[in-house]
Every structure is written in C-alpha cells, then in structure tokens.
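These are the structures, in structure tokens.
Same chain, two partners: chain A is paired with chain B first, then with chain C.
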Partner chain A sequence: MKKLLLGLCVLLALTACDNKKEQTLSKPVIKIGVIDALSGKYAENGQNVRQAIEFAKQDFASSDIDFEFVFEDYGYETKRAAVATNKLINVDKVDALISWSSMAGNVVSPLADKAKLVHFAICNDANVAKGKYNFTHFTPSGPLAEKLVKQIENQQAKSVALFAVYQPALQKHTDAVEQLLQSKGIATERFNFNMDSLDFDLMLEKAKQHNFDVWYICALPPSLDIFLKTFFQKNINVPLVAIDSLLFAQDKAIVEGMSFVTTPDGNKELLDRLTAANGSTNYFSVGYAYDVASLLMKAYSDLYKTTGKIPSSDEVADYLLALKGYHGAVGELVMDKDGIIMSQAVVKKMINGIPTEVEE
Partner chain B sequence: MLLHLLINTLIVGSGYALVAMAFRLMNSVSPFFNMTIGAIAVLGGYIAYALLGFGLPLYLVVIISLLASSLFSGLLEIGIYTPMRKHGASPMVLMVASLGVYTIFESVIHLIFGSQYQTLGSISTSHMLNIGFMEIPLVQLLIIITSFVVWIFLNYYLHHTFMGKKIRAVNDSATLADIIGLKNNQIILTVAFLTGIILGLDGILVGYDTGLEPTLGFNLLFKGMIGAIIGGIATLNGAFFGAMFLALAENVGVALFASEWRDLIAFVIFIAFLSLRPQGIFQKKENNQ
Partner chain C sequence: MEYLINLAILFSIYSMLALSLNMVIGMSGLVSLAQAAFYGIGAYATAIGMTSLGLGFFTTILLGIVINVAIAFVVGKILARFQYDYYAIVSAGLSVIVFSILLNWKKVTNGALGIYGIGKPVVAGYAFYSNSAFLGLALLFTAAIFALYVWIDRSSFGRVLKALREDERLTHVMGYKTKYYKSVIFVLSAALSGIAGAFFASYIAFIDPTTFQLKEGIFLFTIIIVGGLSSAVGSIVGALILISLPEVLRFVGLPYEIAAQLQQIIYGALLVLMMIFKPQGFFGKFRM
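Our next item is the complex of A and B:
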C-alpha cells in the first residue's frame, strides 16, 4: 500500500512538473541580441556589461513573456561587430538588439534600422540614435562638457589645450568642451592625434610653449598612457583635466589622486552585486547596461499585457520614445525626441586605484 | 624646440633603424618581404614581459628573451622558409607564407597575453636622465645607444669577418655563392639568428618605452621597412640613415603641422621614393664599395 501511495505521489509530482513545463513552453519568447566586447582590449568592461544584463533579467519579474539574451562577442573590432549583428538578425532571428560602445553602436544602428529591429545602444554618440528604431543610453557629451567646463572655470583658466584622439565618441566630447569653452570666452587650441600614436614628445613641447592654463586629455590606451607618461616626465605643472579617459589608464599609480568628469556607474546595490559575482570594481557602463535590458523587457511586457499579443518593433519604439520618469540604475531617465536618454555627469577621483565618486 | 626635434628624431629614428637594419640584413640573404620580422620583435618583448612577471633579474630576462627571439627566428627559417625555398617557392609565395605565420603568431599572443596593452616597466617609475638642456628617459637613451652600437657592429661584422664576407657574397649572387661552395642555407640561418637578437633587443626596448600589444609587430615592420627602402634596401647604411631620415621628416611634420600627419608623411615619402628613386638614397654609393 505504501509503495502504491509513493508511486502515486511520484506520478503526481511528475505530472505537475510536466504541466509547469508545458506552461513555460507556451509562454512567448522574446530574443534580445547583445553585441558585446567579451574579448579584446575592453573585455573586462564587456564582461561586466553582460553580467549587468544577466542581473536585469534575474530581477525582471514577468509571468507573461520569457526573455532570452543572446550574446555575440565583437572583440571591440568594427568588422566583427557587423558580422555579429548579421548573425543575430539572420540566424538567431532576434526581436531586438543591444550594443555596447559607440563603435559597435555605429555599426549596428543602420543594420537594425534596415531590419526594422529596436536597437538600444549603450553609448553616447547621437549619430547612433538616428532612425526610428535606434535609441541610446549613456550620459551624452553635453552634460559631461558642462561639468568639465565648470571645473575649468573654477580654476580661472583663460586658455586650454585640448588633446584628443581620433575616435568618434571622444572627438564629440572634445567638440562639446571646445564649443562651451569658446562660448565662455576661454581660448582653446586643439591637438588631435591618431589612435595608435605612441610619441607625444614634440606635441607636448609645442603646447608647452603656449603656456596654457589648463590641459585637457581625451584618449584611450595605449596612446593615453604614453601621453600621461610624457606629460609627467616633462614635469608640466599645469592642471590636467579629462572626461572618462583616466578610468582607462593602465598604470593607475600615475593618475592616483586625479579627478575627472565621467558617467555615473549605477546604484550601490547593483555595483556590490557585480563585485560579489566576479570581483570586478570596474563599473564603467554597468548601470546603463542594466537599464537598457530592463527597459526593453518592460516595453515588451507592458505592451503584451495591454494588447495580448507580441508587440511589433514599431510599437516598442513608440513605447520607448514616450518614456518619462523611469527610475533606472543611473538615476531618473527621460527619453528625448531623438531617442537619446538624458542622464547626468559626475566627478570622480582616483583613490587607491579605484575611481570614486566625489562631491564637487 | 629645434633641439627637442633633433633629440626626438634620434630616439624615434633609432627605434626604426633597429628594425630597418634587421630587415635589410635578412633581405640581403633571403630577398623577400618577410612579415615575421615584426613578430620576432614582439616575441622578444612579450618573453621579457612574462619573465619579469616571474621576478627574474633583468640581465637574465634580457639574455633569455634574446635567445628566445633568436631561436624563433632560426626556427622559422629552418621549419618554413628553407623547405619552401628548396621546393622553388618564389619571393611572393614566401611573403604570403610569412603573412600566414605572422597572423598565427598574433593570434597566439592574443590568446596567451590578451589584447590589453602591457608595459615592461611601470610608467610612473621610469628613470629620467638629465642631459644638460633637457631630461630624457633612460630607456630612450638606451634605444639610441643600442641602435648605434648595432649599426657599428654590423658594419664591422659584414666587412671584417669571414662570415660577413660570406653574407655579402650570398647577397651579391646566391647562385655564384652556391657554385663556389658556400653553404647558403647555413649562412641564411646565421643571419636569421643574428636578426632575431637585434629584433629581440628592439622588442624589449619598445616594451619599456611605449609598451606592447599583439598588433605592434605590423607597425614596427612598416616603419622599419619604409626606412630601409628610403635609404636603399641594398645597403646597411642606407637602412640606418633612411630610418633616421624618416623620423626627421615625421617630426618636422609634427612640429610644423600636427601629430595626426605623422603616418601620412611616412607613407607619402615611401610612395615618392618608390616611384621616383626606388633604389633609395644610398644604394649607388654602397654598390661601389
């Protein structure tokens, strides 16, 4: 008798599981493709972006839709970003796309537009947001430049040397800073250089002769590190200011104690979870990645609840364009008419090799 | 500013010259566009980087790295180029093979060391030397000294040693050298080992000065090659002074215009020489020696 009861219990349990499985299978699945730099120069950032998206998925409670994130590595290389995007669109048949970095965003944007897929880029290049289906989320150049220029004004500078690498997003930051400085009557001179520049001796010597009050740097490794090395070796006693760049310096000791304008990381709870998950304290882009994944899931889920059917890309795009007052990981988010989410800039200081947000 | 320009020309030019001389030396006995030259230099730098990570003393790191890059260069010759030559491979086929080897090498470096930019010494603790009117980092002074020492040594080696004469004989005519009983493959192998040491030195110095990344080899190779072609690919002195001339032209461009003109200037000069004076600046003079 006992055996019979036990057998019945097992049978019931199996049936329950099977029913649950059936229910799960009957749920619609929304596939979101993520073009992320999981290897290459910025692999640590890319891996953290992936982790943040995974957290967003765990945290998003939806009983109506199953969300599946398909990650494709582009190794921070333009060509690979195009291949990854085409694979996600044509092979994986994803419903929406997320990309990380302005480099990837610029590649994915026209492809997403052509395929009529909603694309959320974690970058601040306004070009990427062109077209009905493209959106960006990352503090734009405007707020970053405003905060930086405020710092420069506090130092009562009359002239600024602007050193900037040829990289679309970084050139845009520098353009915004230059325009704002000029509008405030502060003289500027631009010194541009290529991504692979490794010799700054003469450029810095030239700038030194003009006695600028403040120097500004906007670059990425390896040229950033060589620039900083040459700057300190030449004992140039001029305040050096920056947007983001110092975050990426390989030799953290060289930038210890320096402050710079950058983007907020995200709420403390999210950052602590990330550190607990993989030990990383490199939080660049993490909050934005979390927000982007959450927003896409919210859009699909809300629209599904309202209409009872899987929303089209046009409906999701319209929903996102109407976004107002959403409390995201990096603060209060408002979408502008061009598909760009507005968020604020912060000042950080390198303390014990860790970028730490400080009061101005 | 003028002094800075000249000193910087010497520093940059010396870096180019080491690769240009290695390129010239290898090309003298094995005349094809050897893409692996950049890989050998990068290997020297990365081996030094790995050994420093194990806490080995610097002198030992340098010796092992030079031996490794020399061995790598020799193995490429024994394992790939010599067998291909035996099968009658043309310079074009050899070049394509070297491109393949370079690509494999770059991928392996990516896998082992990652694509992050690495420096051999901490930037913040670089030693500075006061040379009166300006301060220059010790490593940059070492680049200049190394380049001049290698240039003097190679000139002596090629003109005053028996092996040097054999190398020049193969350079003049590999067929004739073979007929008179010279073992061409042995000579090529000797040059490969020697080239490996020069390139290994360059890799270590570059690692200390500007840092390493897997794709660095191409940049090193191109600037060295342009220098060698400008000066005259058929002469050692041409390679050395061509590299210096290239650095001077680039620096004048940076001083007069802007930094982003550097590579443009290099390639304009390269194309100008290829079309107007393909034999380079020094070739005629050296041919008479």
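Our next item is the complex of A and C:
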C-alpha cells in the first residue's frame, strides 16, 4: 500500500515538474490553453468547440509563429475547471487561455488575472470580462431578448408565460426577456425548473389556466424534450417562442418548422466542415470558438510582425481592446471597453431537422 | 510546483470532507448522503458573507458552522429515527432540498448564476493570497479535524458510536441513548463539512449550486469507501487517490478526440479494480 501511494506521488510529481521537450524549431511557439467540457453532459458541444479551434488553427496562415493549442477537460465541474486551469498555467506554461461556458469562465477569470494571461471566455457573462486580461465572446442576452420580444410584440401578445431552466446563461436570457416585456407593459409569469426536471404536467396545467397569449421556453435536454412532448400532447394552442433551446431538442421532428431566436453559428463552410469531421449538427458555440482562437492568433501574429518580438499579455490585451470591424465567423465583431465582443442575434427555423437561419 | 500546490489545496479540502463523513458513516455506521448539503451551506455562508455582508473569512466559517449546526440539529433529530438504507434515503432528501434552495432562493444565493469574486482569508493584516499560504492554512484545519477524529475515535464517546454501529439495539439495551449519540455525531460532522465548504469557496473564488448536488455526496462516499471506513488515515488516502488519479490521467498523452472519455473509463476501471482487490478500502476497519 505504501509503495502504491509513494508511486502515485512520485508519478504525479514527475509529470507535473516535467519540462516540455526543448523547442528545436526556429519559429517561436505560442501556447494557448483551452478549458473545455470534453466529457460529461455537454461533451458533444465541448468536442465541437475543440474541433472549431482546430479548424481555426489550420486556417490561420502565419509564417512567423507556430501556435499550439493544449486542451484540458473540466467535465463541466468547477473544481476540475480550477485544476485544469492551474495545470495549463503552471505545467504547460501557456501564453493565453480560452474557456467555454459561464461556469468555466468565472473560475478561470481570476486565475488568468492573477497570472497576467489573456483569457478569452466563450460565454455571455459580463462578470467574466472583469480585469484587464479577460474578454468574452458570445451574443449577450440583450440582443437575443430584443429580437424575441419583437417577435412577441408582432403577435400582439398581452401576457407571456416564461418557462426557464436553472442554468446560468439561460436564466440570464430569461431575465432579460422578462425585464424587456415588463418595460413594454406585457404581463409575465415565470416558471423555473431544475435541470433534471422530468415531469411538467402540473406546471403546464397551471399555466394553461391563465390563458397566456404566448409561451416561452428556455431549457436544455433532458427536461427540454419532456417539456416539448408534454406541451404538444396537451394540444396547447398557443404560440411557443424560444431562445436557443430548440437547437438542442433530441427529437427534431417535434420542432420541425418552428422558428426561434438564437446566436449565430458561424459561416456555412465552417459548419459543413464540422459535420464532415464528426457528424454533428449541434453547432452551438462553434463560430465563437473559431473566432476566439482566430483573434488570439491574429493578435500575437500582428504584434510579432510589428515589433519583431513575442508580445506580452499587456500588449495582446491592448490589441484586443482596440478591435474594430473584424469579420468573424459569427459576423462583424466589435469589442466594447469592458472586453466584451458584441454580436447580433439571429432567427432560425428548424428545416428538415437542421436549424437554418431565416430572414425575419 | 504551483500546480501541485493547487492539487494539494483540493486534496486538503476533500480530506476535511472525508474525515467529517467518516465520523458518521465509518465510526457510527450511519449512511449519510447529506454531506454535500452541509458542504454547500458552508461554501455559500462564506460566499455571501464575504461578498455581500463584508465579513471576514473566519467569521464566515463561524457563520457556516452555526447554520449547519442548527440545520443538522433539526434534521439529525429526524434522521435519528432511521437506520441503514432508510437513513441514506432521508439524508439524500436533505441534499436535494438544499440544492433546490440554493437554486431557487435567488435573492440570497443568486440562483444558477452563482456567486463570484469570493475573497481570500486575512489574518491580522496578512492576506492568504498566495496558494502556498492558503495551502498552509487549509492543512492546519485538516490536521485539526484529523486530530479531532482520532480523539473521538479513542474516547468513550467514540466507543459508544462504534457499538451503535455494530448493534444499535444492543447498545440501547445497555442504557445508552442511541438517538442522542447519532444526533451529536451528525451535527459535528455537518459543522466540519461547513469548514471545508468555506475553504472551497475562497479557493475557487466562484461557486454555483451544481457543485453541491447529491452526486458530490456520492463522490465523498466513494472517497471513504476507497480509503477505508472508520479510519482517519483511510479518509486522507481516499481523498488523495480520488483527487490525484484523474490528474495523473491528464498526463497519459492520449489524442484529444478521445482523451477525456478514455480518462473517465480508466478512472472508473481503476476504482472497480481497487474494490475487487481491496473491498474494505485501503485502511478500512469496518465493512458495510
């Protein structure tokens, strides 16, 4: 037993202290660490994010710098996100960080600030962008809510039932929708539920009695699919609107023909490549991941060309803060003064099981 | 080195949790799955206390202990009526209730969005900002909880708990108020879990309810099973194995496409093997 423990400690110490192979390449290498949910319930999204970053690396033509991406899984758990980030900073000695999801972003943000490393989070939580080195890229709740409320107003609705799962990003979307609806004099009632809720019978019956003009859903599987099935089984003859959610419906047939407000995925070429690479049509976050990796590589590359030396984190942060009119995979990107990239919401329709962007 | 220090902090926090859980399960034979709830309450007491109320870290530890003791006192009275699997089910219920409160009581806990910007401990003007200083403090508390465990284990109180574990009815017949003993150890364990929660919140600087779900209680349960029931050393060893094993697997060098999934499979397989060859855990003195 003692030998086993000793062995485990020695192995851990050796691996942690292991210096990476000496660089024999003449070109400088910039390492970018990625904290991604490669296992667990969001693994499909996480793997697609990884693939998009790999594509960005393949597409970025730099003759001056070699870019290396080091991926670490955090399985959508805070403690693992903290350990993965520490490994990337202290063992892999990365030059910059990318994280995926608000949860990971919140964990990585203070660590990146402490280590003075540029951190780009693929999330829409403004708290994550606090500090000089932290940036976020994901369509914020504001533009999504505005587009959705416009749809609701077009339906002359006077009252809306808001069904939302307890998930950070989706709660933020729903908060924004609720505030905007109330500011326009439209009555709302909120129905929140847990991620693992599997029975909506009573909740939907209760909402049905109030005769809301429009129902809104913001959820994730498995509760989303059960909500949708219950909704259609009950023949609730009320327009159902959504932010993001329908993208994740497992049974695409049930939502065929429905439109919803969501974030842009990225250009068609990128999405086709992704589907060809791993057969997935779940494009959530893909375009943002591609943009974030491309932007970081562009920042390092441009600054290196100008100064002839590897730029510091401060220089990269200043460069990113000055970003204007960059055409990314999800459209025209503008960085605000807080390090948050603003991008627009889009309307999509489920056509033949594939979320397809449509004109409003 | 810094990475190892970070791992050691996490190991220290989980050692505190494992020791406190082993007092209930190992020492007393009460299968509690409520540990994640008390861990979460401790973490939220620190998070809310430091970010909203402007309290110091150590004051928030006390706050967490007080809340946990109050809740555990009431719940412990109810739990004392149960044994074996019934005890597990009822304690799991507490975990689910606390998780739901953390999610739903948005005004206080900020719901699913969690609480960020949780500070580090400060003692007489000295801030534990560096990881090594924070580790020192965490180890100090772990050592204190370890010592408390050993002291209880050797005390007459501990002997009654062990008797209760072996045969509750017989212990009762011998004149011991078994419900009292069960309640006291449950309350003590809850208080100690709150300390671990405070350290976790301060270390990560961000918490949300997903960390304190029932599955975290099951993870803690696994730690003490692997390390060994009714053993203070076993609790430490179990935490060391379950915290460090997934990290060791990060260095195996698998292709990114399959690395995360394979690491999970290897991790699971190693746990199965450990249980086959060491069914009593590494330092287990008692088998359920």
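Keep this in mind: the second predicted complex is superposed on the first by the 336 of 360 C-alpha atoms of A that agree within 3 Å, B and C clash if a C-alpha of one lies under 4 Å from a C-alpha of the other, contacts with A are read in each partner's own complex, and residues count from 1 in each chain.
Keep this in mind: a residue touches a chain if its C-beta (ideal position, glycine included) is under 8 Å from a C-beta of that chain, and two chains touch if they have at least 3 such contacts.
Worth saying up front: this structure is predicted, and the values here are computed from it rather than measured.
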Name the contact category of A:N192: first (chain B only), second (chain C only), both, or neither. both
Check the residue A:Y166 against both partner chains and state whether it touches chain B (first), chain C (second), both, or neither. both
Who does A:S39 touch here: chain B (first), chain C (second), both, or neither? both
Hey, is it chain B or chain C that touches more of chain A? C
Please work out whether A:T307 is in contact with chain B alone, chain C alone, both, or neither, and reply first, second, both or neither. neither
Of the two partner chains, chain B (first) and chain C (second), which one does A:T356 touch, if any: first, second, both, or neither? neither
Could you tell me if A:P221 is touching chain B, chain C, both of them or neither one (first, second, both, neither)? first
Give one of first, second, both or neither to describe whether A:N127 is in contact with chain B, with chain C, with both, or with none. second
Going by the contact rule set out at the top, does A:K229 touch chain B (first), chain C (second), both, or neither? first
In the overlay, answer first, second, both or neither for which of chain B and chain C A:Q182 touches. neither
Name the residues of chain A shared by its contacts with chain B and its contacts with chain C. 39, 43, 75, 166, 192, 194
Which positions of chain A touch chain C when the two form their complex? 1, 5, 8-9, 11-13, 15-18, 38-39, 43, 46-47, 50, 71-73, 75-80, 82-84, 86-87, 89-91, 102-103, 106-107, 109-110, 125, 127, 166-168, 170-172, 192, 194
In their shared complex, chain A is touched by residues of chain C numbered 1-4, 6-7, 10, 100, 103-104, 111-114, 116-117, 200, 203-211, 237, 240-241, 244-248, 250-251, 256-257, 259-261, 263-264, 282-283
Which residues of chain B touch chain A in the complex? 1, 4-5, 8, 11-12, 114-119, 122-124, 126, 128, 135, 137, 210-211, 213, 219, 251, 254-255, 258-260, 262-263
In the complex, chain A touches chain B at residues 39-41, 43, 75, 166, 191-194, 196-203, 205-206, 209, 221-222, 225-226, 228-229, 232-235, 250-251, 253-254
